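The structure appears below as structure tokens.
Order as written gives the chain letters A, B, C and D; numbering starts at 1 within each chain.
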Amino acid sequence: MTSFLLRRILQMFITLIGISIISWLIITTAPGGPISLTMDPKISPKIIEQMMKNYDLDKPVYQQYFLWIKKLFTGRLYSFKDGRPVLEKIWERIGNTLLLNLVAMTIIFSLAIPLGVFSARKQYSMMDRLTTFGVFLGLSIPGFWLAYLIILGTVELFGYPVLGMRSFVTEGFGAGEIVMDRIWHLLLPAMIMAIHGLAGLSRYTRSSMLEVIRQDYIRTAKAKGVPEETVYYKHGLRNALLPIVTLFGFLIPGLIGGSIIMESVFAWPGIGRLAYQAVLARDYPVVMTINTITAVLVLLGNFIADLLYGVADPRIRYQ
Amino acid sequence: MKIKTLLFIPPILFLIILGVNLLFVSQRPPQKVNQLIMSSIGDASFLNPILAQDSASSDINSFVFNGLIKYDRDLQDFVGELAESWKIKAGEKPEITFFLRKGVLWHDGKEFTAHDVKFTYDKIMDEKTNTVRRSDYELVEKAEVLDPYTFRVTYRQPFSPGLGTWGMGIIPKHLLEKEDINTTPFNRRPVGTGPFRFVEWVTDEKIVVEANPTYFHGKPHLDRIIYRIIPEVSLSEMELLTKGVDSYGVSPHQFRRMSEIDFLKIYSQPALGYTYIGYNLKNPLFQDRRVRQAFTHAVNREEIVQYVLYGFGKVISGPFPSHLWYYNPNVKPFPYDPQKARALMAEAGWKDGDGDGILDKDGKPFRFKLITNSGNDVRRDVGVLVQRQLRELGVDVTFEVYEWSVFLKNFINAKHFDACILGWGLSPDPDDYQIWHSSQIEKGFNFVSYKNPEVDRLLEEGRKEYDVEKRKQIYWRIHERMAEDQPYTFLFSPIGMSALQNKFVLVEDGPSGQKIYQPIKIEKAGLMYDLTRWYVPTKTVMEK
Amino acid sequence: MKTPLLEVRSLTTQFFTEDGVVRAVEDVNFEIHPGEILSLVGESGCGKSVTGLSLLRLIPIPPGKIMSGELLFEGRDLLGLEEREMERVRGNDISMIFQEPMTSLNPVFTIGNQIMEALQLHQNLDKKEARRRAIEMLDRVKIPSPEVRIDSYPHQLSGGMRQRAMIAMALSCQPKLLIADEPTTALDVTIQAQVLRLLKEIQGEMGMAVMLITHDLGVVSEIADRVAVMYAGRIVESGPIEAIFGEMRHPYTRGLLESIPQLEEKKKRLNAIPGQVPNPMDLPTGCKFHPRCHLMIDDCKKEEPPLYPVNKNHFSRCIRWKECC
Amino acid sequence: MEFQTKSFWHYFKQNRLAVAGLAIILVVFFIAGTASLIAPYDPGKTNVSKKLKSPSSEHLLGTDQLGRDVFSRMLYGSRISLSVGLVAVAISLVIGVFVGAIAGYYGRWADAVLMRFVDIMLCFPSFFLILTVVALLGPSMLNVMVVIGITSWMGTSRFVRAEFLSLRERDFVQAARALGMKDRRIILRHILPNSLAPVFVTATLDVATAVLVEAGLSFLGFGVQPPAPSWGNILTEGRTYIFDAWWLTVFPGLAILMTVLSFNLLGEGLRDALDPRLRGRR
């Protein structure tokens, strides 16, 4: 187990270095510096040069990379845009993103698995066909478009604020009402973010389930006289859910990618929006660091999925 | 418990939460609170006036900090803020002496003095400070503290825009002396002298300021201001409709609908800026003035204002916003006149020789690329219309939109463009030296490479002259010259519109000390000029 | 003659696939007496496994369907039972073990867990009691240190051990009939013999009947009492083991017997029967074996021959049974 | 997975959703091909006096803020959306097949290095990566296609590799090798054709994703740039007018939805038909 962990961690570390180098290469080959973005007649070119120097942008590319690493680990990496430590900027937002993603993930898993299981149980039934079609709709719908329509709908229907993490006029709210308000603001974006994953996962669950119930051990269980339902839900489900555990790791990149759009649409103060703004402003330190951190999240997600798989599947023992 | 039952639990739980939540949301009563909720597309970056560049930061800074002086409500003159009065001594080396207000307190209780002003100036001039404001003060020879309440600056040469630069927010020396100004936590937790005290800044979500009880003009009437960050205009509109936002910048197409909403009031005021088509004068196509004039005649600017801006804009004839004193009303905008345009083009040698509908000269057709930046709907739409209208003149225009930084770096700054649609936002001072002086072609903002010796001379004179009447004559002359030269096709100066919830009133002290509630008015200096006197009465005092 | 434990009457099972109807089992009749080992023999695809599964009604529906027939188990027709009642028969009265011990055990449960499941279901034992019985069963199938092994997962056991566990599981409720579908095919030759011996031994101890499905006549010869040979969904010959091995009356049976691998000529197996098993969707007319039969005459193509009684225990579905062999 | 035309059609026909998807795709292709013939108006023709008119017999899907005919713009938009999808996928296929083939055929260190690289690429949340690169290169139709292509080949390469790993041990490959055939020839003539069917399936599904990604990029202002009438653009321009002109938001969204849905259904149908064993798997 320990040697497995060590091996995995080493592997993750190598991957990480690869990630940081690739993102650095991509960013530095781009046109458009971080400072030249202001078109203010009052800024003189001399000042811009001085600022480039202050940010080490006059140094060769490879040096900038090592400077970035060094600064990141000493906490002295500052955003071009507002001069704040990059880690601090990310830190104050990452919780919000994780919260949103966690809720989305919870929605995905708590709805997709039952949906997939039930529609596999009644394969080719009306419900199965409807679900299948719904799944494809979910996979095909442009999230931001749906978000706009839903926001518009709720605004017209309820006249209650939807954007941001909370309402701003909460005078006279009790604790319960504040909680409800927070849930409301969380639920809408999380639901829309969840749609894609929900569709994919329920589809996956369904086919996994269908595959499992063709297995020999299902027949064995039936031959033992185990009732059909129990066979399906006890012997089938557990086996079908094994590969789904690993999907936990695969869902993360999609969700984070989706955060960029959804956080912008719902005015949600998370790293997706920070990333987008940093891209717009060519805020290299922030873009680099978010790239790296999201990659770390993905790596961690895969790692956790591996560990979970080991717990769930007795056949796997890490050596 | 059976597994099947277990599987049902999460979806049911989810539906219950959703249901209860929808119930709650549909039952919530509207509230009326003595606060103002504003919204901005972007988050602030530095709550420090010497570092801030973006409008969100500037907005907050204007609540928290004061300059020595500020523009009056008509943007014509200055009134004192931290300076009670000032004195200008003209001459080869002019001096401005500021007499500061006594007893002004920083939000932390320390007293404000001339040392703070000097400190602010020093920090701006410090090379290590990442500020873009340094060029405002480059002509300052020295800045001295004469006594705690007197501050004097001496200029190397006459520089009339210099006075306006002292509207810059003053930062507290005692808190920043030992800090790295670029990275100090102060930039997120500012302490100023202004009417509102900083309370909290939740990144990308909101910035909250509250009334400053020790404000030297008296405590503002509003309890607090919440500045929300909503990254998309159409989304702030939705928040406005749910009363999650109190004020909102109305786009022209929304005006009609907004003005029909009973809890809103719409205000409009010409903006301090204009939109133009800039021609790269290094490109031989545009070097002939007649071509540029022809283009201006060929572009139906009235139609653009009418349809793109729904009438909320004014066609301009030169490089100034039309409602300010330095705009020369005698210069009339070129009328839309396709005939004249064609004649001018013919004069310049451009005729449709081969009958393909495109004008040509020496066998070469008139063909160019018009570009603008993405993210600005008005410019995008103007571009499409201009492309069509020039096509009717017989010019083959391709229109392309680029993302802002690519646009700047690859095209504008590289002077690698034919023509572009852009806009300038200006300060109330008429000095346009950086945009039009030929010395600014290489590394300044004269990216169209406009060069006119007379304009150069006038621009230099204009910055040296302190007398408003004389300055007016100078800038009127500049205006005339530029209207002839047409280095840009000056399109229009838009009219800005704001929607505000009609619960706000303006408080005035009546003759016998009672409070009088007035409707809120918009000034040339903007809707928020009297923000400290805004108030939300508990009972509905006035209805629309 | 005593009453049979199970009497199968004209069992017909078909599969309805997108490509056509597969007539997997057609009008099959046989009976099993208590304590007897009946062996169902044939090449793969002849319908013997489907017959076994049909007895327990484990044919996947759709695409499969038991079209007609009666399965009289102790006088009750299994086909007429409610699904709930059938569940009480499975694993309790009739058990089944399968060919692939690798895949027939659920990988995510311990073998103890899987044995106890049947016990708890059918015998109403509490957990502790069920566990005790499970250990006992494991001991009985000669799994060493059963109280440890009971908590093993299937993948931790060898193939032979797994098949023993399967047997323990199938026999835990002391069924009256055990259907063993190729129980040794997937095992090493040496292990095959051990498992087979074990099966026979326990059968003797418990006095149950066994229906052994296999393609391996070598296996049959070791333990079976009676043999039924299947071809293309039909029983073509049946009778006591001595009769089948000694005086077979069907050319197919003969072919099968000749294909038993002799140690010295292992490689030549199955050369005995020319041609291939017919496509079950497109069976020949008349006798289904005629295209491969060296005794074929024109009559063989016309009509499907009935089962001719050779004597009161021995039947053959060949017109020329008298001349055969 | 051998490709057999007859059984392929047999299975494919039975999947009515997939057939519907194919039909819609053919219609979209037809529209894209004949946009200039069937469009009632010039898609760039402005008519400001008729701006923001709701759908009518004159303008089937209404007009936009400059009085352009939305229906005509949508017809032309199908060209852009389809080209982006197809070209991006073509690029990703070329890279993916190349990398997968090299890794699968040569194995060992080539495999180790390439697959590590694939792992690294997979760690990037792809939308963020695409956004970053498009933003840096400057958004244009070409860049959008190329960037989507070069950031989405990893899946293809993974299973091309898997196919190669299994195929290279097969008899006919071994035989070809024994005959001294060149690697390039073996790969191109013997292995590749046999591994193309699943590639085809993912390609179809990837087109769906690419169309969605382009729309998402347009939404953030990094897609094909206006005034080019891509569906994403019409939608993005239209959302400003969501209260005033719903048709500017609804129709392009529906068009994207329909097209993406069709590609998804088709891809799924192809997958089932090519490998009935995988029925319903995703």
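Definition applied: a residue touches a chain if its C-beta (ideal position, glycine included) is under 8 Å from a C-beta of that chain, and two chains touch if they have at least 3 such contacts.
Bear in mind the structure is a predicted one, so any value in this text is a computation, not a measurement.
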| item | value |
| --- | --- |
| Labels of chains that are neighbours to chain B and to chain D | A |
| Most centrally placed chain, judged by C-alpha centres | A |
| Pair sharing more residue contacts (C-beta pairs) when A-C is set against A-B | A-B |
| Centroid-based (C-alpha) most distant chain relative to chain C | B |
| Chain centre separation in whole Å, for chain D relative to chain C (CA means) | 52 |
| Euclidean distance of C-alpha centroids - chain A vs chain B, Å | 37 |
| Computed distance of Cα centres, chain C from chain B, in Å | 88 |
| Junction residues of chain D - those touching two or more other chains | 135, 138, 239, 242-243 |
| Residues of chain A whose C-beta touches two or more other chains | 31-32, 148, 152, 264, 280, 282 |
| Chain B: positions in contact with at least two other chains | 234, 406, 410 |
| Touching residues (chain side chain B, partner chain A) in the complex | 2-4, 7-8, 10-11, 13-14, 17-18, 20-22, 24-26, 28, 30-31, 33, 37, 42-46, 51, 53, 127-128, 130-136, 138, 182-183, 187-188, 202-206, 226, 228-232, 234-235, 238-239, 241-245, 404-406, 408-410, 412-413, 422, 424, 432, 434-435, 443-445 |
| Chain A residues within the chain C interface of the complex | 215-217, 219-228, 235, 238-239, 242, 312-315 |
| Complex contact set, residues of chain C against chain A | 53, 56, 58, 83-84, 87-92, 95-96, 98, 100, 103-110, 114, 117-118, 121-122, 153, 155, 166, 169-170 |
| Residues on chain B engaged by chain D in the complex (per definition of touch) | 233-234, 237, 251, 253-254, 257, 303, 306-308, 374-375, 377, 380-381, 383-385, 387-388, 399-403, 406, 410 |
| Touching residues on chain D, where the partner in the complex is chain B | 44-46, 48-49, 51-52, 65-67, 135, 138-139, 221-222, 225-227, 237, 239-244 |
